[in-house]
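To start, the structure itself, in C-alpha cells.
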Amino acid sequence: MAVSKVQYPISVEGFTYSYPSKPYVLRDISFKVERGEAVGIIGPNGAGKSTLCRALNGLVPHFYGGRMSGRIYVAGMDTLKHTVAELSTKVGLVFQEPETQLSGLALTVEDEISFGLSMLGYPKEVILDRTREAIEKVGLKGLEHRSPFELSGGQQQRLAIATVLAMKPEVIVLDEPAAQLDPLGKSQVFDVLRELLREGSTILVAEHEIEELATFTHRLILLDGGRILCDGSSRHVLRQVERLKSSGVDPPSVTELAHLVKTVCRMRLEDYPITVEEAVGLFAELLEGGRI
Amino acid sequence: MTESKPETSGEVEVVPTGAKILAVVMIPTIAALNYVGGVIVELLKAPIWGDTWATMLGTLISGFWVGSIGGFLYNIIMAFTLWGLPNWVWGFANVVIAGITVICVKMGWADLRKPVKLIPAFLLFGLVYPIFTTAVSIGLFGGGPLWKPLPAAVYAATLSSTGNFYLANYVQAISTEIPDKIISFVISLAIASRVPRRLVLLKR
Amino acid sequence: MLAFVGRVARQVGLPLLVVVLPWMALSVPILSLPLGFPWNQTVVYRIQMLGLDIPVYLEGLAWGFTWPLRIGVTISAALLFYLTTQQTALVAMLFKFRMPFRFIYMVAATLQMIPLMVDEVRSIYQAQLARGLRTDVGIIKKLWNFLTLVVPLTLSSLGKVQTRAIALESRGFSAPVAKTVLYDIRFKRVDYVFFACMAAATVYLGFLYVTEGYSPIVHLRYLLLG
C-alpha cells in the first residue's frame, strides 16, 4: 500500500479542508499526479486554487490550523504527519507576489537561492553547487551578485523558481506565478517552466489565465467552489467552452472562436484548437476547403 | 517509518503553528515602520517624534511581545546606526509604551468610537510615560535641551521661570510626548481597526 | 581619525554638522545665560545690551557645548559602524556569537526593510507633491499629511507580512537544525591588536571619567581659574 503511493509524486485522497475562519474551502478533492506530468489547476478567484497549492506542501493545515479529512501524500509522505520544513525538499512552492516571497535576509541573488538549503543546514559545498546549477537553469547568470530587490518582476519570479529548484523537489507547485507580471515577465517564466518540463520535472501550476497554460500542460483540473468539476487532458477540459465560461474561466480565445464558429455558423468541427499554432492550421484548412 | 493504521476519513482538528513565524516577520515590520514614521515626521517637519507609533500598532495587532520587541529592535538598530550606542536604553521606552498600550486595551481605553474613554490613555501616555523618559534622559545623558527648537524653547522657559532643572526636563518631555503619543495612539488605533483579520490570529 | 581611515569622513561629518551645530546654537545660549541652569556659578563675561547687563556663565557655556558633543560622539561612532560594516559580516558575526537564528533574521530583515519602505514613502510623497501636497501648512494639515503617507504604507506592509511568513515557512525556516551560514568571518591579527588598543583606550577614558567626575564642568573652573 505504501509502495503504490511512492510511485506518485502527488496523491490527494478525498481531501476536505476548512480554515479556522472559513469553512469547506476544499471538498473531497482526489487526484494523482504522474512523474514528469504538467498539471494546470484552473478556476475562478476563490475556487480554492491557492489553498490546494498550500495543502501540497503542508502549509495547509499546519500553518493555518483548521479541520481536515482525507489525506495528501507527497512523494509518499503524509502531509499531516510531516512538518512544512520536512516537506520543503519534496515540494517547492512558488507564490504569486514576486517580491514578498523573498526571504528578506539575502543581499544577493546567490544568497537568496541558498537560503532554503541554509535553513535546512546543508553543508556549504552542496549549497554552492546547487545554487550555481539553479541560477543556470532559470537563466539568471550574470545577476548572481545583484540585490534581489533590484530585479524586474519576471526576474524575481524566476529567482523564486530557482530558490525552489535548489532544494531539488519532487514536484514544483506554482500559485499563479505570472499573475502580477508584465507580458515579457510572463513569457520568461513560462519559458523556464517549459524547459524544466523538458528535463523531466513534475510541475503543477495554478493559473487564472489559461492562454499560456494550454501550450504546455498535459492535463487540467477545473476547480470551482472547492470541488473538482473537471479533470482530464488539456484538450478534453478546454473544449468544454460553455462549462468553463459558466465557472468564470475564459478559455483560450482561439478555442472560443472555434466554438463560436461551430455554434453560430453551425459548422462541423471535429476538434477545437487550444493553441494559436493549431488554430492557424485549422483555419487554413477551412479556408482552403472553401468552408469559410 | 512505521506504517500508520489505515486512516479513517474522520475529521482532524489541526493546531496552527503559524503564529510564531508570523511574529518573526511582524517584528521587523514594526521596527521598520517605526523608523519610517520618524522619517516622515522629518520630511513633513512635524514637531513630534513619530517613531513609537508602530510599537503601539504592533501591540494592538499582535500583542505585548511583538510590539515591545519590535520597538526595542528598532531602538537597538538606531543605536547601532544613527543615534549612538548608549541610546539603546530608549528601547525600554518601547517596552513601557507596549505595556501602557496593553493596559489601555484591557481597561477598554482603546476604542476610537468612545473618545471620552481615550482620555485616561492619553494621561498615561502624556504624563506618566514622560517621567520615565525624563529619568533616562537625566540619569544617563545628564539632561539638557532637545535639538528640536520648540521643546528647547519650552525647556528654556521652564528653566528660567522655576529654576528647577528636573522640572525643566520633565516639562520639555511632556511638551513633545503629549502631542506625539496622542497622535500616535489615535493613528495606530485607526490603522489597527483596518488591518486584515488574518493577522490578528497572533493575538491569543 | 578612524573615519578618515574608513574613507567615510564625509558621510559621518555631514550629519554631525547638521545635527550638532544647530543644537549647540540652541543649547549654548539657553544654558549659559541666566535662565536657571543649576550649575551656573562662574560669570565669565557680561553682555551689555540695550542697557541690560546679562551675565554669561562658564558652566552653562561648557555644558551647552558638551551636551550636543557627547551625543555627537555616540552618533559618529554609530555611523562609523553602520557605514563600514557589511550586513553579511554582521549576520555572520551574530551567528558566531550563537545568537538564535530568529533574532538574526529579525535584525537583518529590519535592515533590509527600512530602505525599501523609505523608497516607498518617497514615491508616495513625490506623487502627493505632484498632486499638490503642501508642506508649508498648519499643524493640523501636517498631521493629515502624515496620515495620508503612513496609512497606505502600513496597510501594504502589513499585507505582506503573512505572505512572507508562509514563504519563509515553506523554505524550511523553522526546521529544527543548525543553520548554515555561507559567510565566514575570521578575526585576523590586525583585528586583535585593534581590539586591544580600543579596550585600553576605553579603560583609560573610563578611569578619567571616574576620577575626574561626571561632567567636565566641575573642573573647568579649576582649570581656567586655578
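Read from first to last, the chains carry the letters A, B and C; within each, the first residue is number 1.
Note that in this section a residue touches a chain if its C-beta (ideal position, glycine included) is under 8 Å from a C-beta of that chain, and two chains touch if they have at least 3 such contacts.
Note that the structure is a prediction, hence the values are computed from the model and not measured.
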*Chain touch graph shape: choose line, ring, star, complete or other and state it.*
complete
*Which chain lies at the heart of the structure, taking centres as C-alpha averages?*
B
*CA centre of chain A versus CA centre of chain B: separation in Å?*
42
_Computed distance of Cα centres, chain C from chain A, in Å_ = 47
*What whole-number Å value describes the gap between the mean CA coordinates of chain B and chain C?*
19
*Overlap residues in chain A, where contacts from two or more other chains coincide*: 63, 83, 104
*Can you list the residues of chain C that touch 2 or more other chains?*
105, 109, 113, 160, 164-166, 168-169, 173-174
*asked:* For chain B, give me the residues that contact two or more of the other chains.
replied: 17-18, 21, 25, 28, 198
*For chain A, which residues count as touching chain C in their complex?*
54, 57, 59, 63, 83-86, 88-89, 93, 95, 97, 100-105, 107, 111, 114-124, 127-128, 149, 163, 167
_Contacting residues of chain A [partner chain B, same complex]_ = 1-2, 14, 16, 20-21, 61-71, 78, 80-81, 83, 104
*Can you name the residues of chain B that touch chain C in the complex?*
17-18, 20-22, 24-29, 31-33, 35-37, 39-41, 43-47, 50, 53-54, 57, 61, 69, 73-74, 76-77, 79-87, 141-142, 144-145, 147, 149, 152, 155-156, 159-165, 168, 183, 187, 190-191, 194-196, 198-199
*Within their complex, state which residues of chain C touch chain A.*
87-88, 91, 105, 108-109, 112-113, 116, 160, 163-182
*Would you pull the chain C residues touching chain B in the complex into a rising list?*
15, 19, 22-23, 26-27, 30-31, 34-38, 63, 67-68, 70-71, 73-79, 81-82, 102, 105-107, 109-111, 113-114, 117-118, 121, 125, 135, 139, 142-143, 145-147, 149-151, 153-155, 157-162, 164-166, 168-169, 173-174, 214-215
